[in-house]
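Here you go, one structure.
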Amino acid sequence: MEIQAVNVGMKFKNRVILDNQNITFQSGKLTVITGPSGSGKSTLLAILGGYMKPTIGHVKIGEKDITGLKEKELALLHANNIGYLPQWNVMLKKSSVLENVILPAIINDEKKHEGEYLEKAIEHLNALGIEEQKDNYPYELSGGELKRASLARALIMEPDILIADEPTTGLDAVTATRILEYMADYTARGKTVIIATHDDKAHDYADVIYDLAIKNVYNA
Amino acid sequence: MKNRLAVSLIYIIAGLLVILIPTVLLPVCGASEKKMACHYTKQAEIGVGAIIIFSGIAVLLLGNELIRAGISLYQAAIAVLVVLLPAKLTGLCKMSEMSCRAKTYPGLIVIGVLLFVVSVAEFIYLFVKNGKDNHDKESA
Amino acid sequence: MIKKVLKQLQRNKLQSVFLFVPVFILSAILFGSVVIDTGLKEGTKNLEKRMGADLMIVPQGEKDLAGSIISEGARGTFYLERSVYDIALKTKGVAAATPQFFLKSLAADCCSSEVEIVFYEPKTDFIIHPWISKEYEKQQDKNEVVVGSSINEEEGGVIKLFGRQYKIAARMAKTGTSLDSSVYFTFESMDTVINDAINKGSFLTKQQTKSDIISSVFVNVSEGYDESEVFENIKNNTTQKIDVVYPKQIEKNISVSIDGIYSALHMVSTVTLVLIFVILICVNIIIANERKREIALFGIVGATKKKIINMVCLQSLFVGAAGGIAGGLLGALFTIPFGDYIGMKLDMPYPGPAALETVLLLVIITVIAAGIGFVTSLIPVWRLSQIAPYTALRRDGD
């Protein structure tokens, strides 16, 4: 599914947080957004995912303008079409890793297909190399393991669009590579994947690189 | 263990109160030449209080949950007795201004009701827990 | 598993405990103060009914004792010649008058408690009759009595006094004073009762055994006449040394002191109410920050606000209701059985609440408590709805 930022910008008390951006992200492409700290990478991602409203411009997903969407429709979009991997590892403290991974299915009341989602969750955890951690609690996991669990959670509903904010920051090279490879594999299934990072390693997996500061698109 | 200790302590305190309320804390009027109904109620409550304390000690010493559930079930019946003695069985003086009616009886009602609630809750808790444990064992 | 996790999400132990305890205390206090409040109000109303007389004529020097008869319903033993009553009847400005005779503190056979015996005149009475709640006999003869609400009858609707059985002709409503523990005879029974008392070994003073004596005359003044003037007229016509008590004046004083208790009660309950509400809000704000990221996560994975409220606040609704019921019951457990004692301590007429009132109050308090639980738990959700889920996800300081 194509996602398009149309003249999107963000201002807060006269301070420009995100300069106006025009960019289209295509299906089957992994786009890496780069730029110095404070150039508004995270803000752009939040706006693209509909987690924040831009002060000007709008976002289109497919043919739909999501900026003016009603709460219910937006929630539906978040549940089924968008996977978001936040910069911070946020997990339910009192639930196991496996339970955390299927949280989107829980929120969407998918009781009927519980088995399928559990199977899928274990598949993801297995592929990401943390299957043996599935019954542990979040506090028992390392930062890299938590990040991989969060990725599994973002992918559990098989969203058309995956948005990842600094997915490799603070991780060792092996784990970072594993996460990037997994996202590249996901892109190969015809999905739209957007990563904001200043980790150069990500460039090796990118189909498109977008420099936010100079508003330039490179095809890798 | 925490539950066992707490419940045992509650039972022992309740038992002590059942003894102390008619004698010291909210006493019935002193027995003059003529022994009134409240006097016999007081004597009976001393005995009942002793049984309640005894049950409390038993709960503390016995580990088996089903036995403890049984004790709590009987404790509930005894709690009813705490109130029933002044209300019906041995009775009280007939005037509402008398000490036994104005003070002792309400005090016993409060203890009796609280003891009843705790015992029934404890019985249900232990009974349900026991059933669940067994179920878990069977299914394991 | 989904069901289990959903349950887990709804149950936040910390939040429940911090909600239950304050709501529990609040409900207990609220219930207790409302019960005592309405009890006292009802008592004052009764008082007005009891003060059915403008003047109460008593022997000279017994003014204070007579005053306490009115305010507390305690009985005194003081005596006048009956002629005072006859004179009062003839005095100008007297609309109605009725005599009473008090025999204080006699042991009854039912138990060795004291029963207060009052003799009255049914024909002219306007003091006792308004209180009668259950009438068994149209006319009370000399073998019958009217009893106060706390006198327990024996089987067959009788009561035994000094070895003789009397049929209960009527029973009075609860006044919350020692009127409740009185037995009312007509003057016709006076000789029999006093003889029985003497035969049973009760000590009676010479005055008490004299015939043609009374303790007091209750007088209602005709419209347009001054109360104290009417009393002066009676005083001037009799050779007896008499004094007067103005029941309505005393009633006013009681109302004033009850008002004092009211305002103290209201102040205490208002202060606790406000305090606990503030505590609840503070606790919920702390919990809001604690759960902020968790709740934001729900939003990120596609939960609507309604769903979030369902998950986060429904529990608080039930916990609040549970706290309300438990607190209300605890309040009831203390205030209702101890009602008589409270009345005695306050020296106030205090009839407890009716069963229906109690249940109604319990329901109201439960609803309020559930509402408080729900509303205060909305605070975290409301605060989050003010900021974007993305912002809420941030750890403070990031």
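The first chain written gets the first letter, and so on, giving A, B and C; residue counts start at 1 in each chain.
Keep in mind that, in the parts below, contacts are C-beta pairs under 8 Å (C-beta built on N, C-alpha and C of every residue); 3 or more make two chains touch, one makes a residue touch a chain.
These numbers come from a predicted model, not from an experiment.
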| item | value |
| --- | --- |
| Chain-level touch network, classified as line, ring, star, complete or other | line |
| Of A-C and B-C, pair with higher C-beta contact tally | A-C |
| Interchain centroid distance [CA atoms averaged], chain A/chain B, Å | 62 |
| Centre-to-centre distance between chain C and chain B (centres being mean Cα positions), rounded to whole Å | 29 |
| Whole-Å gap between the CA centroids of chain A and chain C | 67 |
| Chain C-touching residues of chain B, taken from the complex the two chains share | 32, 34, 36-37, 93-98, 101-103, 105-107, 109-110, 113-114 |
| Contacting residues of chain C [partner chain A, same complex] | 1-3, 5-6, 8-9, 293-294, 296-305, 307, 388-391, 393-395, 398 |
| Residue numbers on chain A that touch chain C, as the complex places them | 42, 46, 49, 51-53, 71-72, 75-80, 84, 86-88, 90-95, 98-99, 102-111, 114, 118, 153 |
| Chain C residues within the chain B interface of the complex | 110-115, 150-152, 178, 180-181, 333-334, 337-341, 344 |
